[in-house]
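Here is the structure we will look at.
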Amino acid sequence: MSSSMLVVTAHVGDFVWRCGGAMALHAQRGVDVHLVCLSYGENGESNAAWKGDTQRDAVKAQRRAEAEAAAQILGVASLDFHDLGDYPLPDSADSVRRISDTLRRTKASVVLTHPEHDPSNLDHCRTFEMALRARMQAMAPGHGADFVVPPQVLCFEPHQTELCGFKPNVLLDITDVWERKWQAMQAMPTQSNLWAYYERVALQRGAQAGRRGKTAGTRYGEAYQSIFPAVVSALME
Amino acid sequence: MSSSMLVVTAHVGDFVWRCGGAMALHAQRGVDVHLVCLSYGENGESNAAWKGDTQRDAVKAQRRAEAEAAAQILGVASLDFHDLGDYPLPDSADSVRRISDTLRRTKASVVLTHPEHDPSNLDHCRTFEMALRARMQAMAPGHGADFVVPPQVLCFEPHQTELCGFKPNVLLDITDVWERKWQAMQAMPTQSNLWAYYERVALQRGAQAGRRGKTAGTRYGEAYQSIFPAVVSALME
Amino acid sequence: MSSSMLVVTAHVGDFVWRCGGAMALHAQRGVDVHLVCLSYGENGESNAAWKGDTQRDAVKAQRRAEAEAAAQILGVASLDFHDLGDYPLPDSADSVRRISDTLRRTKASVVLTHPEHDPSNLDHCRTFEMALRARMQAMAPGHGADFVVPPQVLCFEPHQTELCGFKPNVLLDITDVWERKWQAMQAMPTQSNLWAYYERVALQRGAQAGRRGKTAGTRYGEAYQSIFPAVVSALME
Amino acid sequence: MSSSMLVVTAHVGDFVWRCGGAMALHAQRGVDVHLVCLSYGENGESNAAWKGDTQRDAVKAQRRAEAEAAAQILGVASLDFHDLGDYPLPDSADSVRRISDTLRRTKASVVLTHPEHDPSNLDHCRTFEMALRARMQAMAPGHGADFVVPPQVLCFEPHQTELCGFKPNVLLDITDVWERKWQAMQAMPTQSNLWAYYERVALQRGAQAGRRGKTAGTRYGEAYQSIFPAVVSALME
Amino acid sequence: MSSSMLVVTAHVGDFVWRCGGAMALHAQRGVDVHLVCLSYGENGESNAAWKGDTQRDAVKAQRRAEAEAAAQILGVASLDFHDLGDYPLPDSADSVRRISDTLRRTKASVVLTHPEHDPSNLDHCRTFEMALRARMQAMAPGHGADFVVPPQVLCFEPHQTELCGFKPNVLLDITDVWERKWQAMQAMPTQSNLWAYYERVALQRGAQAGRRGKTAGTRYGEAYQSIFPAVVSALME
Amino acid sequence: MSSSMLVVTAHVGDFVWRCGGAMALHAQRGVDVHLVCLSYGENGESNAAWKGDTQRDAVKAQRRAEAEAAAQILGVASLDFHDLGDYPLPDSADSVRRISDTLRRTKASVVLTHPEHDPSNLDHCRTFEMALRARMQAMAPGHGADFVVPPQVLCFEPHQTELCGFKPNVLLDITDVWERKWQAMQAMPTQSNLWAYYERVALQRGAQAGRRGKTAGTRYGEAYQSIFPAVVSALME
């Protein structure tokens, strides 16, 4: 049985804000959580790092270190930086193959990535498209006998949901691991401008989940949209 | 903990074709499955029953008997006929209140009903709207202290999915109870013209589920679209 | 074989601007074109008629006379005024039954009516909904043995297409009957403010059709959106 | 020139959470802000008020007092309670006429109301539909010579935006009147459970607006979706 | 007058399952049916062919032979393999030019291809996009004086219609050529796992078409979605 | 404060038909209007220029001269031809960088470009996508300290709005500059076949705007769809 999850993001920061709770929650339960960051987000999502005559390499090194620290806090099993550059993130057949190889090796049964549309950030759309292409490549016998059962794809929350046509159909209760997610967020001081914003996102999703939850304790949440129908053996838990 | 499910349909036949598998499956596991049929479908969905000088009451009695037989096969706990008439089904505040009362009494955590849109069958849209209104009424403290936690609403498959904008995000494996569903279908000879059609629907949904399923045995399925985000404590089973 | 068409509009003017070409074209070819106007449009679409102390009955009589004149020019076979009032047009089960009876009597194989959505004119949405309900009622054996094969429904063009989510998939060449449509428009002097507007609509649809047409002569057109899939025996003419 | 705005809500609380900032902002600038509450929200949105043997009239009186206090803080010019009841809110032709009369009297150039869709709260959809019907009635010469230029309709933010298909295209900077909105929120202790939630909504909208704003001071915002195209004389401010 | 049709598919199998009926039907009536397969589907849609140490060339040769046999059964006039590889299918400007040249040479008035969206199979989306680009190239005078009248584009049915947002507006009765389509399907033993699935698809579409058809004999069908409005000279057949 | 606007089009003709009014209007008020044409439209939108043995360079020179003349009439501040070729327009990272540099240099607060979807003209979709990518590149600190506040993007009207899913939310009154737009149109004799078509478009948009406008003088208009929410300080003008 699979006990592995793959997260694919455009920039180093995305996994913390958007699915850090899911990562910590599943890692804590013994799931191997693998992470692929297609770029360091050095151009467009490291504003605070560009001061005076800062060099590109220094910015990338700083963001890499932050990502490694946050990933460790969340319990990530493996971390792969593709270093494709960003704003814009280029398409890359090599990268698609590398994600595909990761899928074949990890047998992940679920992939977390960006939603399909985002007019304010085409890097996110590109990542979604590359992740889906990698999924195809991983399930094709012609690319090797280690082909996989096609995993579910869950899109995590973008910065402005309505702008992206994001329609979450899953609310995950992350109350138990909130402290860990909060620590991971703080391990990314270059984007400290997002701390309060994503704390509020977690509280809103927690409030929405709490209204229909079975326990009174839900305070923090994360929202996801599934791309493929879930195959289930019951309609009630 | 809730162990109850409510099914609300426009006509007597709908529950068998569209969610008979889910009903049998959950009943078999000890869930109380309650059924509300807003009409007998006597006008528009009993074509074979109208012969020569058949009277309306005879058609209604015949359809009622069929529904009772099918419901028994599926293991239904309670069955309520509202007898509103069909083609078209009228709006009814009384009926909304009666569904609301059923929700308060049964504490169902999930409601199965028709999807929101269907240009070929407005009775289905009306039923969806009445079920959602009943859900509101059931959760309002001002209508009595026995108000409920708002249940999930799952829409079952219409006759022509694309015409209705139906987008299933859940595929239920009903292989284990297929025989029972098939028997219930045959308990409705007035609509024998639909037997083969809905057997094929079940096989198609089974094939789609089987591609991504964990076991090799999936042969029959049913498709559902959730209206509200599911509140979950994990993203993998 | 059916050789009958039914047009259902909210106000008396609608049929001229929106499907006058189709009516003239089919009437000329021997199709019986039946027309139902649910209101005289006396409140909201007869602005020029309300002067000084004009009485409601006078306005209605004037609009009725205009509609009769235009219908005659277009070759209408029967004309039925329901006189429900407008702005807003009320729902009416009686009216639905009356449209249903017209369908049973005429055996129309196609119904032309307003599109489903129009935030600026809810009378149009109401008419669409009533026409679809009447279609159901007409096809139900329980309402009489003269039930019909369900007709296609084609929505004609609203005033602001994008506002209404109108997506035409049929462009009808009305060049041959344009003169007749233009005469019918001029038979409605109360809405002379719309003459130039709908002449331009016809020219735009003609230009769009002409780009992909087989003959060079297309100058005027009308746009339609089908609600149900067309059942065809070939994909090319 | 019009200097009047009309707000139409389903329940007494809605105007505070959803458009209290816009109300305070425009009132402060001399616009007459008129408010219509179709119900007191006594059944479904006054949970904290139903204790022991509380009577319906007491709950309604309490909510009315809260609404009057909040409206005064925001600078409302007139306040009209239709007392239709809620959960569910019934359709009412009388109420539509009354809103229409308010539009004719106030000559409001903009109407703020709920968005069209909300499966969790059909009272909101009903209100949207009644407001649009009232707009039609108000612009029809046949209902009186005081007919109006059709106002813009702006939908304010629902509780769960993605569930409602809410797509805001306007972000209003309410930083200057935030204190006033916050006071109005606190004047509604029956729904104190929503205070923190809607403070966070305002901060999120403020952050989104601030990213593209011209000044650095934007901290609080409100989101709106326009139903009709805006008629403008320039594309830049 | 054009009497030619062009089919463009991603993989060799697609034309049989998705539009084999239309191909046989039109070929039988004297239309020249041209077929372009962008890849052999060797990687992702030839699972049964990959056994032990099978070589890629052998798989491709096997699928090519199957496609040629099936095409012959359906009466195809020309068959062009672009051999681009699959899972994923790469973009190719050369291939677009080659399709464009085929369009100019054949003067096809209709193109059958995959629908625009399919998250489970991006090769299908790529093919749609390349076919539309080729259509542009074929209609541009700057690419040669043999430019064409822009053909209609009809999308055939994907594996999971709702997942792809497929909304068919045309149902083609293929009862007369079903035996031929069934033979063509059996000429593709590598994908024998799809035989029963697509037989059921044909039966479902036949049943849907039969409900509104003019004759009682409709048993098998195919569904299509048109991209461009159809230009017609009548609204009834 | 920004007083600059950027227009990005696929072909040389687009700016005249689609946003010539906006360009003239803002230029007349002192806004610097910058124009980028990604191709000369020599292949697909210069039909009248291809006669006998005309050479490509001659067609391009002719279209360039027309564009320069039209741009001068409209008061354009700068004009940049990227000469990428058309039908199809290729993707180009260089071009994206060049647009990005233009944005950084001009500090445009609004970008006018094609809408996202157009199945009949993929060059338009490509241009939209490249403009959005350039916007990202322009706002990224890692590409230079002269990064910009992200501009609004407004899509202008395509040839067939419904085919493109174009939903305008802004109607611009261009009555005051209509004569200038008309002159610019006539400066493009190669596309004289579009003169009457786009005169009618302007009249239809003018009529739509006039219905809700504040003055009686609106005769001509242009329609736009905003991609990002507008950040405003009031909901009424």
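Letters A, B, C, D, E and F name the chains as they come in the text, with residue numbers starting at 1 for each one.
Heads up, the rule we're going with is that a residue touches a chain if its C-beta (ideal position, glycine included) is under 8 Å from a C-beta of that chain, and two chains touch if they have at least 3 such contacts.
Because the structure is a prediction, the values reported are computed rather than measured.
Student: Can you list every chain that touches chain B and also touches chain D?
Tutor: Intersection of chain B and chain D contact lists gives A, C.
Student: Measuring centre to centre with C-alpha atoms, which chain is farthest from chain C?
Tutor: Ranked by distance of C-alpha centres from chain C, the top chain is A.
Student: Can you spot which option in E-F, C-E or A-B is basically B-D again, with over half of the contact pairs the same by residue number?
Tutor: Most of the contact pairs in B-D are shared with E-F.
Student: On a CA-centroid basis, which chain has its centre farthest from chain F's?
Tutor: Following the centroid criterion, the farthest chain would be B.
Student: Suppose you list every residue number at the chain A-chain B interface; are over half of them used by both chains (same) or under half (different)?
Tutor: same
Student: Nearest 5 degrees, what's the C-alpha rotation angle taking chain C to chain E?
Tutor: Here the rotation carrying chain C onto chain E measures out at 180 degrees.
Student: Of the chain pairs C-F and D-F, which one is connected by the greater count of C-beta contacts?
Tutor: D-F
Student: For chain A and chain C, let me know how many angstrom lie between their CA-based centres, rounded off.
Tutor: 52
Student: In whole angstrom, what separates the CA-based centres of chain B and chain E?
Tutor: 37
Student: So which stretches of chain F touch two or more other chains?
Tutor: In chain F, 150, 163, 168, 208, 228-229 touch at least two other chains.
Student: Tell me the shape of the graph of touching chains, choosing from line, ring, star, complete and other.
Tutor: other
Student: Go through the chains and record each pair that touches.
Tutor: Touching chain pairs, listed by label, are A-B, A-D, A-E, A-F, B-C, B-D, B-E, C-D, C-E, C-F, D-F, E-F.
Student: Report the residues of chain B in contact with chain C in the complex, numbered from low to high.
Tutor: Counting only chain B, the residues touching chain C are 42-44, 46-47, 50, 56, 59, 86-88, 90, 119-123, 163.
Student: Over in the complex, which chain F residues touch chain A? Could you list them?
Tutor: Interface residues on the chain F side: 93, 96, 116, 129, 132-133, 136-137, 139-143, 145, 150, 153, 227-229.
Student: Please give the residue numbers of chain F that touch chain C in the complex, ascending.
Tutor: Within the complex, chain F contacts chain C at residues 159-163, 166-168, 196-197, 200-201, 203-204, 207-208.
Student: Which of the residues in chain A come into contact with chain B in the complex?
Tutor: Residue list for chain A touching chain B: 1-3, 5, 22, 25-26, 29, 31, 109-110, 112, 149-150, 152, 154, 168-173, 208-209, 211-214, 218, 223-224, 226, 228-236.
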